[in-house]
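Sharing a structure below in structure tokens format, with a few things to ask.
For reference, chains read A, B, C, D and E in written order, and residue numbers begin at 1 within each chain.
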Amino acid sequence: MDFVFILQTMKTLLAAVPMTLALFFLSIFFGGLLALLIVWMRVAKNPILSNFAKGYIFVFRGSPLLIQMFLVFYGLGQFGFIRYSFLWPFLREPFVCAVLSLALCTAGYTAEIFRSGLRAVPVKEIEAARSIGMSGFLLVRRIIGPIAFRHALPAYSTEIVMMVKSTALASLVTVWEVTGVAQRLISQTYRTMEVFLCAAAIYLILNFVILQAMALLEHRLSQHRRAAPRLS
Amino acid sequence: MVHEHSIEPATATVNRLSVRNIRKKFGSLEVLRGISLEAHDGDVISILGSSGSGKSTFLRCINLLEIADDGEIWVDGEHINMIKKHGRNVPASSKQVDHIRAELGMVFQSFNLWSHMTILQNVIEGPVHVLKRPRAECIAEAEALLEKVGIAEKRHAYPAHLSGGQQQRAAIARSLAMKPKVMLFDEPTSALDPELVGEVLRVMRSLAEEGMTMLVVTHEMNFARDVSNRVVFMREGQIDCTGAPAEMFSGESSPAFRQFIGNFRG
Amino acid sequence: MWIVEVLGFGQKGWGGLLVAGALMTLCVTIVALLIGAILGTLVAWAKLSGGGVARTLGNAYTTVFRGVPELLIIYLVYFGGSGAVSAIGRSLGYEGFLGLPSFAAGALAVGIISGAYQAEVYRGAYLAIPKGELEAAEAIGMHRSLLFRRIIAPQVIRFAIPGIGNVWQLSLKDSALVSVTGLADLMRTSQVAAGSTRQYLLFFIAGGCLYLILTSLSDRLFNRAERRANRSMPSSFGQA
Amino acid sequence: KDWKTVTITLEGAYAPWNVTNPDGTLGGFEPELAKYLCDQMKVECKLVASDWDGMIPALNAGKFDVIMDALSITEERKQVIDFSIPYANTHAGFATQKDSPLANAAGTGAVLKLTPGQTGIAEVEAMKTAFKGKTIGIQAATVYAKFIYDNFGSIATVREYKTGAERDLDLESGRIDLAFDDAVYFGTTFEKANGALVFTGPEFGGTIFGIGEGLGLRKADTDLKAMFDKAITAALADGTVKTLSMKWFKTDVSP
Amino acid sequence: MVHEHSIEPATATVNRLSVRNIRKKFGSLEVLRGISLEAHDGDVISILGSSGSGKSTFLRCINLLEIADDGEIWVDGEHINMIKKHGRNVPASSKQVDHIRAELGMVFQSFNLWSHMTILQNVIEGPVHVLKRPRAECIAEAEALLEKVGIAEKRHAYPAHLSGGQQQRAAIARSLAMKPKVMLFDEPTSALDPELVGEVLRVMRSLAEEGMTMLVVTHEMNFARDVSNRVVFMREGQIDCTGAPAEMFSGESSPAFRQFIGNFRG
């Protein structure tokens, strides 16, 4: 083992961690918002909305992110009407495109996860809320939302961890995050294993921290499911 | 004692609740076939009937969890407006629906407490978020209510940690916290063991004594006979007969009702 | 019309290669899913019923193989695995290179990852079996192997089908990464065609569509399996 | 070891060096040269396609014997693998859009021979002023990347791409203003772009980017290296390389 | 009528079931504090007691779903052997446990039918796979049993498609198919509505008439009084009092029991 080399590699890779984290947080945030919209459309009574949402989920869950990202970044730029539209100043930026395609993709998955959470909300608890005069957004905010979110949390944690790993693809569109930097180091040094093991350690630690945080959140939100405290 | 197949005129006076000629179909199944009923201040009306006779559906139509295909409903003198849409009845204003529901307390057979909230949170949820009253005031009232139904010490527990009888009483407290004009109970004791039945009935009895207007779907003949001031017997989506409990149980009722209470050795 | 020609099955068309790539992707994913099923069962069992050591190992397995980027695992298996096989060969006196074939390495790598996800699916499915049904089986005197065979396994399979559908979807896309082992799967075929013709967008869209076709076919299969498995449930039970 | 069969790997997606045909066979400059070399050495050659990313580790793991994939001979790579003598040495240059103000920079059409470490070149200084504030796209971790960073890193934005192909798409869409890469590689790109892209400024040759492209071999296989070196020398001497080069690159890339 | 705090000697004669001085703790909570009981051929013993008094735990200890910390159990004269492991009681032979359990039928409060099998498959599962009897024979017997409990026409339905009362009867048939020596019922009617209660009690009554030995945890005072030949009242993990129903209900019982049945006006 060449410790000097590993130390040097770690230093280089750690410098790219902020980029990975930025990609991750932004895409989770915007993907989550988009997912709410999609899931709202998916459960809507209007067949146009729900079919659009179904199609969206199908396309973004069914094809590799690599292809999606390629088409968003290199594909959109091929169309003159996009290149000359007001969007181009944004879409021109690789970082924006990377976040955009990550968010589009995770929204598809997250919408499905949220929907299964919605299905788990007991109809009877919704009726109880209606019967005291709750409806619309109040009902969603106070009753449906919290219960559905709690139910969706385990699956959502998995999705979040996958997103951390998915940011690795951003180097395809010239956003150099941890995996991209690792690959660049490899093509400079040809020491595949050492570099990749360092990268793996970084991802493992990131994911471990995130999973612990999610577990903590889950614990806090599941007081009502745990055994009652012993009255002794 | 009246055999009640005719339509009562709905006089919008001191009637807390007035229902006229309610009909409801599920697909081709006619579950309610013209039900009319009036409840005055302080009335405690027991609704009896065999399984599938439409008792739950009737209560659910009153607080608009189901929309009746036909008929009129007044709550505390206010008429619930309906319009036809695609040939189906729908409430004219969802604002009115919410407001009417807030005036009607409903206690479900299966409690339906919100599992992610403590008992106290369950009770203050409606007053704080629907009626938009100050939180501190609501908490004080909620604690008094929980005291009254006898589960004050459980206020910070979650529903899953309570016994059935305690959950049922919490559900009653939750309804009462909305200060409803009328309480609707759907088989409030059928899932409870005999001891818990006693607890819940005690609470309902005290409500009756305070003059709360109540409609109670129940299988508890003792309650129907001793607590309510009127008994309604439903059969195949219609009111088969109705009257004061003393008359009904003493035999001055329809043959179907006599057969129904056959097993009951009051 | 050149698009039809380029994507068609004629002499200048890439259709044949792309379809072959799609079939390769399908094969890798199926084999990976089977490998993952075996590993997943073992790991789920370790996490559920094993002692402290087995449970720790099981947790480590699911944490590591879900937390580390897939590409790295494929590298490890491809190069590490070949190294191991060569070393064994050498110790037996065989000179020269004895590698894991690309297909085996790719399927094994994706299978190991899939195993981590499947373990969680099986564990969840086991926990979803009503405890009373297990007690009822014990109460008539079923011993452990019978209990597993007659009561646990059929129900775990039933509860696991939707989750396995998701894992299949994941593996389908993880298999896109095995191209580093030189396997001509759908992703690599698209890239090769794109690089050789310089028609990048065309071939990426074509590849994406083929992935969507694979997805919709497998979705249909899983939905049918789910309906079949749920025939003992009321029709409203959690069906899409 | 007695070499009867040799396995050669290439990417099969790097036109015109090596491409895959729609029927799945490999073609291009390198496969044809490989056939000639193997005939010279009287060994049987097997061509296999594999992914660029895993190529060098896979060579060392023994998956194949030779890499023939436009592999530039560099000091870093020499640390892990061995090279044959070069069979090609290409120029590099800037590309831009035809109607870009940057087109036709000073020296367009000329070839500049440079040696490693050479500084203060007049033409480069002129380009520095012309390219100020622009975005230059390069393929990450190549010899060209170092050249661009050394000379233009301070005055222009440098954006690194994983592959040249992606960079070319961005050059067309206008996300970047300039691209710097292998001139023969650009040749094919320009053909596909239907004249929308052109060279600007001089082409750079000489040894500044190394001595050219050679075969990659395991360090242990010195005998194989000797065999290939001999065959390449023959191919250069009898004009085979030149003929193939004119056929595929429309220019002579002989070192 | 005996106040039963003393230990009965376990005479391994015609006793179907004999339990001596069973104790069970959950953590620091002592749930069973020395229970002894004997059931002879044809005995129908009702076990009453308020919630949490340990009735379910007692039944579960008998068929070894819980392992008692102390005490002896004989089933049909066979002693269940226990050994100490890490200071805890464990059954000496898991073969014996399986064999004993096959002789004890248990009907759970929540039915616990196997949801992935049809009713018929549920019923033949034990005979075919545990007792390893020929399949055709088992099917014939199962159909007869289902006929007897009145749900023969539902034999190819899945549990989820049956009403509560039908599920409960299927669960009884499943137990009976094992031809147990003793049947243990844990609140077999508490989740049912009054009409279904009637159906299930009818089946149990007919079992009693055929001479099946039964232990029944129940809240149905009518059943305890009219069907069983012995009543056991549990309180805080002990047998508070026991006796023939006639004596017990006529008032010759402990004060706690009189208070317990206070609400019951049989």
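Simple rule for what comes next: a residue touches a chain if its C-beta (ideal position, glycine included) is under 8 Å from a C-beta of that chain, and two chains touch if they have at least 3 such contacts.
These numbers come from a predicted model, not from an experiment.
The minimum number of touch steps separating chain A from chain E is 2. Any chain touching chain A that also touches chain D appears here: C. When chain B is laid over chain E using CA atoms, the rotation angle comes to 175 degrees (nearest 5). When chain centres are defined as mean Cα coordinates, D lies farthest from chain B. Centres computed as Cα averages put chain B at a distance of 37 Å from chain E.
Taking each chain's centre as the average of its CA atoms, chain B and chain C sit 54 Å apart.
The mean-CA centres of chain C and chain E are about 47 angstrom from one another, to the nearest whole unit.
In chain C, the residues that reach two or more other chains under the touch definition are 75, 79, 200-201. Annotation for chain E: no residues touch 2 or more other chains. The residues of chain A that reach two or more other chains are 70, 74, 78, 192-193, listed in rising order. Contacts from chain D toward chain C in the complex involve residues 9, 11-15, 19-24, 48-51, 53-54, 57-58, 61-63, 165-166, 169, 188-189, 192. Contact residues on chain B toward chain A in their complex (touch as defined above): 63, 65, 94, 97-102, 104-106, 108, 110, 112-118, 125-126, 129-130, 157-161, 171, 174-175, 178.
Looking at the complex, you find that chain A touches chain C at residues 58-59, 61-68, 70-71, 74-75, 78, 119, 158, 161-162, 165, 168, 179, 192-193, 196-197, 199-200, 203-204, 207-208, 211. For chain A in complex with chain D, the touching residues are 70, 74, 77-78, 83, 92, 94, 171-174, 176, 180, 183-184, 187-193. Here chain D touches chain A in the complex through residues 53-54, 56-57, 76-77, 79-81, 140-141, 159-162, 166, 169-170, 172-175, going by the rule given at the top.
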